[in-house]
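Chains: A, B, C, D, E and F, in written order; residue numbering restarts at 1 for each.
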Amino acid sequence: MIKSVEKAAVLIEALPYLQKFAGSTVVIKYGGNAMLNDELKKNVIQDIIFLKYVGIRPVVVHGGGPEITAMLEKLGKKSEFVRGLRVSDAETVEIAEMVLVGKINSEIVKLLNFYGAKAVGISGKDADFILAVKHLAKVQEDGVTKEVDIGFVGDILRLNTALVENLLDKGYIPVIAPIGVGKDGATYNINADYVAGEIAAALGAEKLALLTDVEGIYRDYQDKSTFISTLSLAEAQVMIKDGSIEGGMIPKVEACIKALAGGVAKTHIIDGRQPHSLLLEVFTSEGIGTEVVKYRRYISG
Amino acid sequence: MIKSVEKAAVLIEALPYLQKFAGSTVVIKYGGNAMLNDELKKNVIQDIIFLKYVGIRPVVVHGGGPEITAMLEKLGKKSEFVRGLRVSDAETVEIAEMVLVGKINSEIVKLLNFYGAKAVGISGKDADFILAVKHLAKVQEDGVTKEVDIGFVGDILRLNTALVENLLDKGYIPVIAPIGVGKDGATYNINADYVAGEIAAALGAEKLALLTDVEGIYRDYQDKSTFISTLSLAEAQVMIKDGSIEGGMIPKVEACIKALAGGVAKTHIIDGRQPHSLLLEVFTSEGIGTEVVKYRRYISG
Amino acid sequence: MIKSVEKAAVLIEALPYLQKFAGSTVVIKYGGNAMLNDELKKNVIQDIIFLKYVGIRPVVVHGGGPEITAMLEKLGKKSEFVRGLRVSDAETVEIAEMVLVGKINSEIVKLLNFYGAKAVGISGKDADFILAVKHLAKVQEDGVTKEVDIGFVGDILRLNTALVENLLDKGYIPVIAPIGVGKDGATYNINADYVAGEIAAALGAEKLALLTDVEGIYRDYQDKSTFISTLSLAEAQVMIKDGSIEGGMIPKVEACIKALAGGVAKTHIIDGRQPHSLLLEVFTSEGIGTEVVKYRRYISG
Amino acid sequence: MIKSVEKAAVLIEALPYLQKFAGSTVVIKYGGNAMLNDELKKNVIQDIIFLKYVGIRPVVVHGGGPEITAMLEKLGKKSEFVRGLRVSDAETVEIAEMVLVGKINSEIVKLLNFYGAKAVGISGKDADFILAVKHLAKVQEDGVTKEVDIGFVGDILRLNTALVENLLDKGYIPVIAPIGVGKDGATYNINADYVAGEIAAALGAEKLALLTDVEGIYRDYQDKSTFISTLSLAEAQVMIKDGSIEGGMIPKVEACIKALAGGVAKTHIIDGRQPHSLLLEVFTSEGIGTEVVKYRRYISG
Amino acid sequence: MIKSVEKAAVLIEALPYLQKFAGSTVVIKYGGNAMLNDELKKNVIQDIIFLKYVGIRPVVVHGGGPEITAMLEKLGKKSEFVRGLRVSDAETVEIAEMVLVGKINSEIVKLLNFYGAKAVGISGKDADFILAVKHLAKVQEDGVTKEVDIGFVGDILRLNTALVENLLDKGYIPVIAPIGVGKDGATYNINADYVAGEIAAALGAEKLALLTDVEGIYRDYQDKSTFISTLSLAEAQVMIKDGSIEGGMIPKVEACIKALAGGVAKTHIIDGRQPHSLLLEVFTSEGIGTEVVKYRRYISG
Amino acid sequence: MIKSVEKAAVLIEALPYLQKFAGSTVVIKYGGNAMLNDELKKNVIQDIIFLKYVGIRPVVVHGGGPEITAMLEKLGKKSEFVRGLRVSDAETVEIAEMVLVGKINSEIVKLLNFYGAKAVGISGKDADFILAVKHLAKVQEDGVTKEVDIGFVGDILRLNTALVENLLDKGYIPVIAPIGVGKDGATYNINADYVAGEIAAALGAEKLALLTDVEGIYRDYQDKSTFISTLSLAEAQVMIKDGSIEGGMIPKVEACIKALAGGVAKTHIIDGRQPHSLLLEVFTSEGIGTEVVKYRRYISG
C-alpha cells in the first residue's frame, strides 16, 4: 500500500519533467521483449499514452525481426543475415513489409486506440515518407573488403516529415513501420533503430528512447559493476570502433549518435523488460538504462 | 492520330463535368482485373490522379480476395465461403489483414505516389476509423433459416471519418483497406463494396464508382441486349429480391443502395477491364457501365 | 524511500484522470490555512501548476478575510459582520479591494510565475468581468425579518467571461480577486466562494475545488465517525435548511450547489491543511474531503 | 465521332500538364479577332474557365484599340498614332477609359460569369493597382531623335498586386483593363501587352499567353516555312533590333521578354483565330504558335 | 479662428457616435450637385474617408443621369423618360454602362484613392453581384393602366453580396455602379437610389445616407416652415400615396423604406449642397436633412 | 455656440491625423492633476477612449506618488526620498503596490469601462511582464559619489510584452501599474515615467505622451517667453547635463529619450491641467506642450 503522502511526492517529483517536456516530441523505438510479453506490452502502451496526455508528442517506431523470421519459415524461406542485416530478395522484402505493416504495426495501433489514444499507422510508403536507397553491405574476407549484394535492404535517403507532422498536429500518435521506398518504387527493409534515430533528428525531437532487452551499456559486458549510466557521443564512437559496443547494440548507439548530431537533446537505451521503464525514465529521477548525450558533465561508470 | 480540333472537343466536353464536380468527393472501389493486370492498374491509378488534379477529392477503397486466398494456400489453409463470405478464424483474419494492409494497400499507395499523387494508406484500425461488429450469417437449410458462425467477418457499426477528412483536407488521397476493429479490439474482415458504400455516405460523396469485371447489369445476363444503363434504387431492390441480381453483384448493388440512401448523388458499376473507364465515366458523356440512382427519369434498358 | 515500482504505480494510477480531465477547466477556490502557511502555500501553487502542465485549464479564485481585517485594524477601523458578511462602508470596501487586488492577488500571481506558470491577476473590474448588485441582507429580530444595509457587499449580477477565456486560450492561469463592479461604477465586496461557484458554472468547468480548513462535512460535527465523503445536491440543500451545515460552510456548499446547477460535473470541499490535497483529489483514487455531486450512487456516510 | 479510346487518350495526354500547372498563375492577354468573333469569343471564355476549374489561377488582361477608335469616330474625334501608340489628349484618354472599363471589360466579365466562373473587372485605378508615369515617345526625324508629346499614354511605374491577389485567393478571375493612374491622379492609357507582361512578372506567373491574329513569329514573314516555334529571349532581342520583328508584334515580344526577365517560366504568342488554341497550348503536346523562353534547348525553325 | 476649447468640444461631441458606429456599415448614395461641384466633391470624398478611418465600413453607390444624357446627346441620341425612368434601348444601356462604369465610377475611385483610401469600383456584373429582371413600367392613359416597354431598365432580383463583403473585410471601400445583369446576360440600368437601399438592407447596414440637392422633405414644398426632420416609415408611405412626396424624391424615400424594412437602423436624406453634410450628420448632433426611421418618437414638423 | 461649418472644419482638421495614426500604438503616462481633479480625470478618460475608437491602440501607464504617501502616513510611516526616489523598505513597497495596483489602477480601469471601453489592469507581476533589478542609487556627499541603499526601488531589466500585446489584439486597453518583479520574486517600485518610456519602445509605439502639471519645458523656467515647443534628443541630453532640466522633469525627459532611442516616432510632455490636452495634441494642429523628437527641423523656442 502506497501512502497518500508518497503518492503526492511521486506526482510532484514528475512536475519539473512535465514542465520541461511540455509540447516537445519524443521518439520511442519499440521492440524486443516489451513487444512480445503481453503485460510488458500493456505497460509500454500505457506509458506512451501517459506521455500523450501530459502534452508530449510521442512518435513510435517499431521493428519486427522475430515475427518476420517466423513468417518466412512458415512460407518455407530461410532467413540469412550479413553483419546483422537480413538478406532480402524481392519475395523476402514483400513478406517483411506484410508482417511489419499488416501485422505488427496494426497491432500496436489497435492497442494504443484500445487504451484511449488516437493512433495512426504509417509506413515509409505513405506520402513517400521514407525515401530509401539500396544499402551497400561490405564484408571483410581474407583481409579484403568486398561489397555484398544483400538485396532490398535500404539506407534512408530523405525523410518527408510533412505527413508525420500533420498527424501530430491533429493529435494522432504516429506509429511507423521501418519500410522505405526507392525513387523507382522499390520496397526497402530498413533497420528500425536507424529509422527512429533519423526521425528524431528530422522532427527536432527532445528525446529518443530505444527500448531493448538489456539493462544498458557496460564497459565490460561480463562485469556488471562497469555499467555506464551516461555516455558522451565521443565516447560512444570510440567504443564502437574499439569493439566494446558490438552486435545489436551497434545500430542502437549509432541511432543515438545520428539523433544527437541532428539536434536531439538526449537519447536513451532503456531496459524494456522493466515494467514502465519509459515512464520512469521520463518522469522520475530514477536511473534507467544508459543515456547517450552530446557532452558529458562527469564520469558515472 | 487525333487532330487538334478533336482534342479541343474532348477537353471542352469535359468542362461541364469539371464545373460540376469541383471540390466534391468521389469514392472509388478498386478491385477485380483492374487490380491484377499491370496496364489496367496503371490506367486506374492515372484516372484517380486525374480526378485529384482537377480539384476532386478521391477516396480509394480496395478489396483483395484472390491474394488472400493465394496466401492462405501458401500457408496451408483452405479458404471456405458461406454465401460469398470467407469463413474467418483468428488466423485467417490475421492473414487477411496482413495481405490487405501490408501488401495490396501498400502497393496502391506506392503506385499513386509514383505517378505523382500523395497517397496515404489506412485501415479501419487507424484512429478506430471503422468500428465493426460480428456479422450474423444466415443460411437456409432444409427450408429452415439457421445462423452460422463464420468467425471474424464484420458489419460496419460506425465510421469515424475525422482521420479521412483530415487527410483529404491536407491534400492526401486516402487508400482504405476493408479491415474493421471491434470495441473489444478484435479484427474484422469486411466486404470492401460495403465499406465503399458506407464511406461514400459518411463523407457526403458526390459519386461512388465500383470497378468490376463485367460490363454492368443485365436484365437477363444471357441476353446482351438487355443491358441496363440506368437503374433506380427501387428497381435495384426488386431485382435483388427476385434474383435477377445475384452472386458478387449483390454486395455491389447493395453498396450503391446504401450510398444513395445516405445522400450520394450517383453510383456507378463500371467495367474495370475497359481502359480508363473511370475517367470516361466522370468526364465524358460516354455511357460506361450501369448507374444506380435514387430516381430514374426514363427507362433505358 | 519510494521504490521504482511504486513510482510507476502512482503515475499509472493518474493516467485515467489525465485522460478524463484533458482540456477541461478546473476552478480552485484558494483560501484558509493553505494561504497562510508558507509550506502549504507552495504545495497548492505546485498543484495548480501540475494541473496546468497536464493540459487542464486551472482558474484560481481567492479570498482574503483575515488580511482585510488586519489592514482595517491598522487603519483604526473595526470590522463588523452581519450573518458572516462584512459590513462595508465606502472606505472599508476601498481597503478590502486594495488588500485583495494589490496584495493577496499579486502574491499568488507572483508565486505561480515564480514556480513556472504564466499567471495573470484580474478583479471583477477588469473588462467589467463581474457585474454586481447590492446584496440585500436580512436579519431576524424579535421574530421579524428585517432588511439591514450592510453597504458595498455585492451579489453577482452577470459574469462577462470573455476576458477569462481569452487568458485561458493564451495559456495564462487567471487569478481572480472577488471584487465586483456595479452599473453605476460602485465597487462591491463579494464572497469568494460564491464567485468561484458562479465562475465554474459560467466557464462550463469540469470541477470546482474549494480549499478549506476542515476535513470536509460531518453529519454531526462532534462525531468524527459521521464524516460524509459524497453528498448529493438534494441532501446538501436539506442539510443547509435543517442547520446541519452552518457558519462558513454554508457559502461553500451553496457555491457547490450553484456550480452543479450550472453544469459542473463534480464539486469538492477539500482540506487545505493536508499537503497536496488538491493533487491527490484530482489524480488519485484517494478519498480527500467531501464531494458534492448532482446525484449520489450510494450512501457513504 | 471521336471514339472512347481517343477521348481517354486526350484526357490522359492532359494529365502531366494538370500536374505541372496545379495552383499556378497563368496570365492571358486577350485581344484581336478572338475578341470580335462571337464563336471565338465563346471558345476563349470556355478555355479560361477550363483553366480555372482544373486549379489554375487565370488572370485576364484585355486591350480594345478598334473599339476605342470606333467610339472616337462616333464622337467626331480622329485617331492619331505615333509609333503604334495612340496620341491621347485628355478627352481621348477619358473616352478610351470609358470604352475599356465600361464596355469591353464589362463584356468579358459578363461572359465569364455567364459560362460559370466568378469574374471581377478591375482597372489600374482600383486600389491604385497600376501606378503609371507619362510615356516619353521618341521619333526619328531627319536622322535626329526627338521627343514627342503624345499625351496621356503611360508607362508602368509600379504594380500594387494586393487587390489582384486578394481576388485570386477568393476564387475570382480578375479581368484587367489597361488603364493606369498617375501620382497626381491623371489617367493613362497603357499598352495591354505591356500590362500583361508586367503583371505576369509581378504575380510570379508560370505562364504568359498572348492571343493574337497571326500564327506566330516567322524569321521571314513572307516565307511560311520559316515559322519559329521556340525563340530564346536573346534571339528575340536580336530580332527586334534587326527589324525581323516589327509593328504590333514588338510590344508582344517585349511583353514576353519582361515576363521572362521577371521570372515567368514560359511565354506564348498564340493564334487566337484557331478555336481553343489556349486550351491546346496549355493541355496538349500540340505545337501552337511561338513560345518565347529564357533559354532554348535546340533550334526548331 | 476656432479656439482650442471649441476644437476639443467638437471632437468630444463626436465620441458617442464613434462608439455607436464602430465596425458598422454605412451605405452612401452619392449623387446630385455634390458630384458636379469640385469643392463639394472633395468634401464628400473626405467625409467618406473620415468614416473609413474611424472604423466604419463605408459603401458608396453612385448615379450619373446628367452625364449619361450628355453622352447620349454627343452621340446624337435623344433621352426619353417614362415616369422618371430613362427609356433604354440596347444602345442606350450600353452607353449608360460605359458612362457609369468607365467614367463616373472610375472618377470616384480615383478621388478616394488620391485622398488616402483604398477604393475598388464594381458594377453589378462583377461576380454577378446584382442580378436584375426587366422592370415592368406602367402608365395611366385615359384612366387605363397600361404596360409600357421601356427597354433595359431593371429591378433587383437578388444581390450576391459576397464580393462586397470580401472587399470590405480586406479594408477596401467598394464603389458601386448601378448596373445589373440578367440571367440571360442582358445589361440593365437600375435606379441608383434603389440599389443603395437594397444594398444597405442586404449588408445589414447601420445607416443609409442619400445625398441630394434639397434640404430634405417638406410637408408643403412651398412653405419652408413645414420642414420635416424625422419621418416614420408609415408616414412616408402615406405621403407617397397622397402625392406629398413626388418626382425624384419618390425613389429616395422608397429606398429608405426598403432599407428600414430590411433592418437598417436609420436612413437619411441629406443636403449634398451643404459642405460636409455627411460628416455632420454622422458625428454631430446637428440636424441635417430629413431622417426616415421605422418608428418616430414624437412629431417634429 | 459652435457653428456647423466650424464643427466640420474641426473634424476635417483631424482627418490627416486619423490617417496617420490608424492602427498604431500610443502610450500615455497618466499622472499629476489630471488624476486628482474629477473633471480633468473624466476628460483624460474620454480622450483615451476617443483614441481607441478611431483605431489607435492606447496603452496607459500610471503613477501614484501622492496617494502612496497619504496611505503610508495613515499607517504611521514617514516617506523619505533620495534624489526623488522613495526609499522603500519591504513594508513600504508592499503598501505602494497595494495602493498602485489595488486602488489607483482599479479606479482607472473602472472609469475607462464606465465610459465605454474595455480596460484591463495589469502590474509587472502579471505574466512576469516587468522584470526588474534593484536600482543602485548614488549620491554626492562631500564631493564623493556614494552608493545608497534605498531598498526595493527597481530598474527595468526586461519587458515581456506578450501579455500586453495579447490584450491589445483582443481590443482591451491595458492599464499598467509601475510594479516590477525580481528573478527572486521580490517586488520593486519603479518610476512610472521610465516604465512608460520603455514600454513605448518595446511595443514599437508611434507616440509617447506624458501628462504632467506644467505647460512644458522652458529654457529658463522663470521666463515664460523661453517656452520650447520642439526639442531634439541631443538638446534634451545637453539640458539634463547642464541642469536646465531638473527635478521631476528629468525622468520625463529621460523617458522620452529612451522611447526615441527605441524607435518611437514622437514623444510629448503635455499639460494635463488643460482640458482634453491629449486629444488636442493628437488630432489637431494646436501646439500643446513640448515635443521631444529625434531630430529637429528648426529652432522654435
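As a convention for this text, contacts are C-beta pairs under 8 Å (C-beta built on N, C-alpha and C of every residue); 3 or more make two chains touch, one makes a residue touch a chain.
The shown structure was predicted, so the numbers you read here are calculated from the model rather than taken from an experiment.
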* Identify the chains adjacent to both subunit A and subunit F in the sense defined at the top. => C
* If you take the mean of the Cα atoms for each chain, which one ends up farthest from subunit B? -> F
* Please state whether the interface between subunit E and subunit F is built from the same residues or different ones, using more than half shared residue numbers as the mark of same. => same
* Structure fact -> Looking at Cα centroids only, farthest away from subunit A lies chain E
* Asked: Counting in whole Å, what is the centre-to-centre distance of subunit B and subunit C, each centre being its mean C-alpha position?
  -> 58
* Interchain centroid distance [CA atoms averaged], subunit C/subunit D, Å -> 71
* When the centre of a chain is set as the mean of its C-alpha atoms, what distance in Å lies between subunit B and subunit D? -> 47
* Tell me, which residues of subunit E touch at least two other chains? -> none
* Which of line, ring, star, complete or other matches the graph of chains that touch? -> ring
* Structure fact -> Read round the cycle from subunit A toward subunit C, the chains appear as A, C, F, E, D, B
* To do: In the complex, go through subunit F and note every residue touching subunit E.
  => 2, 4-15, 18-19, 22, 46, 49-50, 53-55, 116, 274-276, 279-280, 283-284, 286
* **Residue numbers on subunit A that touch subunit B, as the complex places them** => 74-75, 94, 97-103, 105-106, 109-111, 113-114, 118-123, 125-128, 163, 166, 170, 172, 179, 181, 185, 187
